[in-house]
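Take a look at the structure below.
Letters A, B and C mark the chains as written, and numbering starts fresh at 1 in each.
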Amino acid sequence: MRTLLTQVSYIARRSILRTLRQPGVMVSAILFPLMFFAILASGLDAATSIPGFPAGSYLDFAFAFPLVQASLFGAVTAGADLARDIETGFFDRLSLTPMRPVALLGGMLSGVIALGLIQGCVFLAVGLLAGVNIQSGFPGMVLLVLLTVLTALGFGGLGAILALRTGSGEAVESSFPLFFVAIFFSSINLPRDLIESDWFRAVATLNPVSYLVEGIRSLVVTGWDLQALILGFGCAIGIIALALAGAVASLRGRMAHA
Amino acid sequence: MGLDERAGIVVENLVREFRKGPRAVDGIDLRVEPGEIYGFLGPNGAGKSTTVLMLTTLLPPTSGTARVAGFDVVREGPRVRAAIGAALQEAALDPLLTGREHLRLQAALHGLPRNERKKRGDELLERVGLAEAADRRVRGYSGGMKRRLDLALALVHRPRILFLDEPTTGLDPQSRSALWEEVSSLARDEGVTVFLTTQYLEEADVLADRVGIIDCGRIVAEGTPEELKAEIGRPSVEATPIESKDRDTVARVLSSFGEEIAAQPNAVAVRLDHGAGDLADVVRALDAEGLRIANLRLDAPSLDDIFLAKTGRSLEGEEESTETGQGSSREGARACARF
Amino acid sequence: MSGPAMRGSARGAFGGFFSVAGAVAWRQVYRFFTNPAFLTPAFFPVFFFVAFAGGLSRVGQVPGFDFSAGYTAFQFVWSLLQAVALGGAFTGFSIAGDFESGFARRFLLAASNRRGIVLGYAMASFVRVSVTGALLTLVALLVGMRIYGGVDLFGLVGLAVLVNVAATMFGAGVAMLFRTQQAGPVIRTPIFLVLFLAPVFVPQELLAGWISAVAAVNPMTFILEAGRGFIVGQPTGAAFAFGVAISLVLVLVPWALFGLRQAEKAG
């Protein structure tokens, strides 16, 4: 167990360093979600006039957006890195060492968690400076960051599945639009009960991202909404469980072919 | 034959400086006769490719003049480009296009009439041996096939002057020989002037009518391969004893015939002071000592000997480090910095 | 003088210009249609259109939101302009890729008049966005978009063409300056900002705060509002919008040629 943890920590360190050493990735991971958040928060402020809108400020309402978007970016980046390790033969080389392949997966996901933690804290700080009013106070902020990290972990697992199955960095990166679809076809822009289009509302209801978003949003806008939190954390844990199971199976499949 | 300016290359004091680093080309003069194959030989970082880029109007010179096919490369770029073809170091092919589509594109770029494009393309594909692979995407081509396609593309518009920048680097011996044959044929049968850069001694020796040796941006020697070798003048003899314990004795015997030079493992080589005529005496001297020799070889001076004489460095050493991936333009620049 | 040189000079710079442009455009268009990934640039405009028109349609009921053709048509105009602008950006990425791979040297080497290369890329960009625009329009009509403008729609198309040319010239200039894929973010980010710092979700008069101030000076705002006027058959500010769009083109064409000159100097 100790050996495995040591191996995971080495790979995690490499994964984190690799991310931090790519300024382009860091810019995308931090600046892009913030930019989008600023634009949405201002551009859709008029939406607060819609009868039944749950928040007085669209800034508060939209705060979930950068947190969820950042998680998905992180997943694609980590997945692409893992795929490149496979493409370049680094993965095979590791297989020839005592390093356990599950350590590679663990290390990569540790990198995702670390990035998610950095992003969560940065966005929280920026949000507070911009005037976001978090109804649930400091304990809520902790849960907010935790849910962000769990979301990142879940989607990181999905990115790992893609990487292990395709072994292609390009294939993983071209999945980015799908993650984007997952964010936008949810209740990210309007509460589900205010979505006018029936088919859109149905898609948003089926989309697990909606519950992640609503869980985070409840901590900001409502305070302590137990149902939203249970659904949000439940979805996150569910995605993690499925993603990790899939990732381990994909890893075994790849090892069988190596 | 006098130089026909319209078909040749005339370069005077050509210089190219980059903002950071030494002068890549440091004032070169050269003249290439029409129909000649001119070999431009030098290690990595010597300035060969930079020279080619300037002569093909892809890079403006910092100073100096160059006229290609009678046109100034700076002021008359379009006319130069109409008269030349170039296959540069990177084959620059689109992996998503087929060989035939590349030719069609190139023909269109050069303004060949529509009805001529297909015919010319088919003709060139046949000529370079790619007719069967013509409709396959280039991503499936081997290195040799890509080079052949690159050559075909350079010939689409029937240029009078052809620039080839290290055309056989990375090719297997068979592909290399095929390309040499094609280049020779172009010059011999069609009167195309060929300006060929290479880091392979053998290539320059075999193909080129005249060779210019460049190092650190300057031409250090120029002439036919025979003229250059004659400058050194002296052949070398290499003897490999059957018993390796006799090596020192062989070295002692041979030392009286000339200075020792680099040799194969377990062999001894000397440059003969009095030329090939000494060979009989060498054999007698070795026999007189009772030495049994497995292999005795007489070698004419090589271009590497010229390079060594002119620069104090061996081109073959640079070549090996290139092939092992250790050589680089920086290596060349570091070597230049010593001088 | 005989042979190729004479053919070259008889062809003259004029003929060479168009043959180069045609060849460059042919390759780009050919790659676009034979590569399965060609739909990728079409994805984002269609996706944003469906996401915003579908998910945000309730915003059309905000007090003061007065757009007779409905929220779908409102979003369609922005999505169309996004499509043509992104088409220009993707052409810029292509140019950067061609320089990075060395393929662009082939064009530089063969072209008698190298400006034809820029025209070729622009022509290909136009073809590309025509396909994307048609696809987007089809999707919009299928989801029930209402169009009230008749002949006025040509005004919208005209604006879209100008935006495409401007974006392509911008992308081309950046791509030829960088000559590597590092040009990507430098092309993408300004275009993204110009597109989003505009009345995307609500009309200009319903914007508040910093974005209202920024949108007020964003050239895209005038083009967007005029485009929306065309689609409801009540063109407003059209002359000014065309003036802005043409000015962008007049500024960005020299920018692209500047990039070309820098690429020529760098070899």
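Simple rule for what comes next: a residue touches a chain if its C-beta (ideal position, glycine included) is under 8 Å from a C-beta of that chain, and two chains touch if they have at least 3 such contacts.
This is a predicted model, so every value here is computed, not measured.
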Kindly list the shared contact partners of subunit A and subunit B, in label order.
C
What chain lies farthest away from subunit C once each centre is taken as the mean of the Cα atoms?
B
If you average the Cα atoms of each chain, whose average lands nearest the overall Cα average?
C
Whole-Å separation of chain centres (CA-atom averages), subunit A against subunit B:
55
Whole-Å distance, subunit A centre to subunit C centre, using C-alpha means?
32
If you average the CA atoms of subunit B and of subunit C, how far apart do the two points sit, in angstrom?
46
Interface with subunit C, subunit B side, in the complex: residues 6, 50, 53, 56-60, 69-71, 78-79, 81-83, 86, 88, 90-94, 96-97, 101, 105-106, 108-111, 153, 157-160
Which residues of subunit A touch subunit C in their complex?
24, 27, 35-36, 39, 42-47, 49-50, 174, 177, 180-181, 184-185, 189-190, 194-197, 199-200, 204
Touching residues of subunit C toward subunit A in the complex: what are they?
37, 40, 43-44, 47-48, 51-52, 54-59, 61-65, 185, 193, 196-197, 199-202, 206-212
Touching subunit B in the complex: which residues of subunit C?
1, 3-5, 7-9, 11, 13, 15-16, 19-20, 22-24, 26-27, 30-31, 34-35, 101-103, 105-113, 264-267
